[in-house]
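Right after this note come the structures.
You will see subunit A twice below: alongside subunit B first, and alongside subunit C after that.
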Partner chain A sequence: MDDFLNTFLNWEYIWEVFPDLLGTGLLNTLILSVFSALIGTVLGMLLATMGLSSKAWLRWPARVYTDIFRGLPAILTILVIGQGGGILIPSLSRNPYPLGILALSLIAAAYIGEIFRAGIQSVEKGQMEASRALGMSYTKAMTLVVIPQGVRRVLPALVNQFIALVKDSSLVYFLGFLAEQRDLFRIGQDLAANTGNLSPLVAAGAVYLVITVPLTHLVNYIDKKLRTGRKVRVDDEGGETELLNAGKVPMS
Partner chain B sequence: MTTAVRSSSVELRDIHVSFGTLEVLKGVNLKVEKGRTTCIIGPSGSGKSTLLRCVNRLQEPDSGDLLLGGESVISSDPDALRQRVGMVFQHFNLFGHRSVLDNITLPLRSVRKLGKEEAAEIAHARLAEVGLADKAPYRPSALSGGQQQRVAIARALAMEPEVMLFDEATSALDPELVKGVLTLMAGLAERGLTLLVVTHEMGFARGVADEVAFMDDGKIVEQGAPEAIFDAPRSERLQRFLSQVL
Partner chain C sequence: MKKSLAAVVGAVLLAVLAACGGGEDAGAKTLRVGTLSDSKPNAYQENGVFTGFDNELLKAIAAHQNLKLEFVSTEFSALLGQVATGKFDIGSSGISQTDERRKTVDFSAPYNYQSLGIETREGVAITDENSLAGKRIGVVQGTVSDSWLTANAPTAQAVKFPQDAAALAALKSGAIDGAIFDQATAEDYAAKNPDAKLKVVKAITTTIPHGFAVKKGNTELAGKINAGLKAVIADGTWERVHQRFEPNAPVPAEFKAGQK
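Entry: the complex of A and B
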């Protein structure tokens, strides 16, 4: 039992690693995952709309991109982009941090694009038809009517993807960042390697959970809200209008 | 229901539509005079809805001509055409993520470029006309099917169309909700809006239409005043159809 505690929960090492985890590691993990989530979401939406286009020259590049970035191990993509980018642009070779964000973004875009595509495709055809019948252009119908409804339906899947991104951001470990650029995993791993004790990694894991567990609960919350939001019934002829689950939205 | 309407005649000339090898419309001619109501009846798969969708070019015909107010609009900008031709669908197709009010103001603002207040004013007026003034802030899903269809009609009317198309507008409604929608449609006919109505409601066709067209197998088989169609059908196919639905 003492061996177990000493290996995984050695308080001395945990105290030693904690300031770095919270000061440097948490910040960098958040920077890596938030930036790549943002870029990945924008690129993903672009891929989704391209993938749904009636024009083959837009559809095919999106398809090929998605197949490649979803089909490769993330670690391989990160190494190829992170080291390859440094070779092509020498000024980045000493500081591959932006390349790490780029690689994470490009991978995330492929998955997020597929999530958006599924959501947009799930919107009834009648929504597009009604918009067009009212004189809206295809672009207006997509941006004002179809995409907002499609995105809403896939919010849980999208947040799940963000959770995966937070965890996968640890893979930039292999790019060898500067000391002040180290993420949660790297800081835990560095001390673990120096001490031969796993407690710093356990501490890093705890910080990951502080980020990811609330996000998983956010998924459940959104999911539940989306489900119950539909159970609405009202009688037809005004009079005694009963709203079991108020569909009322604030007037804008 | 007092607002003046600006309506136009609409005419389809020798319209052909094929889906792959399946010929759905085989040269259809149909004219609805300004301010008149024509009902299209016929069995499922006869091409009624496809014909209706050619009028606002949601379905582009393979060949033929389309005239609105006497002018060809078959190769004009479809978005401009659709601002002049309103359409009401079987499944309402209200925008589920917007309130009832926003359903009406969205096209007014994005297509007709009206300001927020002006659009809201029109939307409230149109909702009042269909008897749903108090539903403005609700989501469509909080309304019954009949109410949703009336909102859809208000949404189309707000664009001030010259022609209105109804594609089986009451087919998805519970029986007790059909009447309110049909009454509303009859009111539009009375106001002098040009209506082209695909319907299974024979009572409506007989009572409201100026003319009834019977379609079968991609063609208009028989066409005339409701009395002629319903009381003295000439073709064997129409006789058989009426014996099945009446």
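Entry: the complex of A and C
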């Protein structure tokens, strides 16, 4: 038991690694994951709508893209895009961040695209039919009626993907980091390699939890809000004073 | 119904755990050696066999001392921790005996010094450790190269990679200006990549010795390794193994045949 505690919870090493984790690692991990999440979400939405299109020349590229980027080990994609991109565009090869973010975004897009597709497909056909009956175009019906409802339903799955992205961002290290470019995991691993003690990695893990746990709870809160809408209060006379601005209608 | 399902799952898990535990008891007499699969020339895997200078030397020591070895590959940053907790009896992968690491494990007597090579591409103005300033230089995290670069060329931009292959790819693509590898490895890379026009501009012998790591307080095993090491140095086995993996690196006097 002492061995266990000393290997994973040696306060001396945790204390030593924390300034670097918070000063350097946290920012770098956030830069990598936030930018990839944003780009990945935009590309993912594009892939989802392409995949649902009735036109084969839109559907097939999305299908093939998703199969490839979802099917390859993330580390391979990062190496191919990171190292290969550097060969094709030498000006990018000196800094691993732009190409690393691109690689992470492309991988995330494949997963996020499938999440969006599942959400959009879960919206009842009647919604589209009713929108078209009201005279909306297909595009308008999708963007104003179907997609918003679909996205809302898959918010928890989407956040799952963001959390995976935060953790996967450490793989960009394969492209080579300067000391001040290191992310959380690498800073922990550096000290672990020098000391032979795993406590610095446990400390890094704690900082990952600081990012990911609030994310989970935030989405649960938003999800609940969107499902139930604001409370409707009725005044003494039975008049529904707040009904008109009561917010969203409860969803199924 | 639900309860009985949980009971069945629980029973199966217990059975699996018990089966795993049993396996370890049976092999208690074989020493488990933690090593790396990708760290030439000290420790690597070839055709499914763990080899390299350190592992072949350890095999010779074990043969001399009648020890049975079983090699298992791991990650360098996890290796010493695994030796400290007893998952491995011996750690073998060109581990430098630093004071920081002595807090975690004990080491055998020194059995080698790392020879490093500064590798660069043709046309890059790097000739020795003094011309590294301001250049992007690749090293593998936590290795001798890493600590050597920090100590001897503090103004170089150290670009850290998880393993040799990633650093080599970056050197070839121009993402870094040079890299510090093990000398034999560096020469091997230059020979195998003629298109990339790589060259080893300077060889450096470091002064921190390598040692096999054992659990703290395991003086019995450390003693056996040291006795075997003395014997394989004296009978010339050390030099033969060295010739096989690091033919161009100098042989320090203390490891020459006939030394006691």
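Basically, the second predicted complex is superposed on the first by the 214 of 252 C-alpha atoms of A that agree within 3 Å, B and C clash if a C-alpha of one lies under 4 Å from a C-alpha of the other, contacts with A are read in each partner's own complex, and residues count from 1 in each chain.
Keep in mind that, in the parts below, a residue touches a chain if its C-beta (ideal position, glycine included) is under 8 Å from a C-beta of that chain, and two chains touch if they have at least 3 such contacts.
Please read these numbers as outputs of a predicted model, since none were measured by experiment.
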Output check: A:Asn220 vs subunit B and subunit C. Expected answer is one of first, second, both, neither. What do you get? neither
Looking at A:Val145, would you say it contacts subunit B, subunit C, both, or neither? Reply first, second, both or neither. first
Considering only touches as defined above, state whether A:Ala130 meets subunit B (first), subunit C (second), both or neither. first
Considering only the touch criterion stated at the top, classify A:Asn197 as touching first (subunit B), second (subunit C), both, or neither. second
Subunit B versus subunit C as contact partner of A:Ser122, first or second or both or neither: neither
Which superposed partner A:Ile87 touches (first subunit B, second subunit C, both, neither): second
Common interface residues of subunit A - those touching subunit B in one complex and subunit C in the other: none
Touching subunit A in the complex: which residues of subunit B? 56, 58, 78-80, 82-83, 85-87, 89, 91, 93-97, 99, 101-102, 106-107, 110-112, 131, 134, 136-147, 152, 155-156, 159, 176-177, 180
Subunit C-facing residues of subunit A, complex: 3-4, 6-7, 79, 83, 86-87, 90, 93-94, 96, 173-179, 182, 186, 189-190, 192-198, 201
Spell out the residues on subunit C that touch subunit A in their complex, using ranges where they run on. 76-81, 83-86, 98, 100-101, 103-105, 136, 138, 141-142, 147, 157-162, 166-167, 169-170, 173-176, 213
Residue positions on subunit A within touch of subunit B in the complex are 124, 126-127, 129-137, 140, 144-145, 148-149, 152, 229-230, 232, 234-238, 243, 246-252
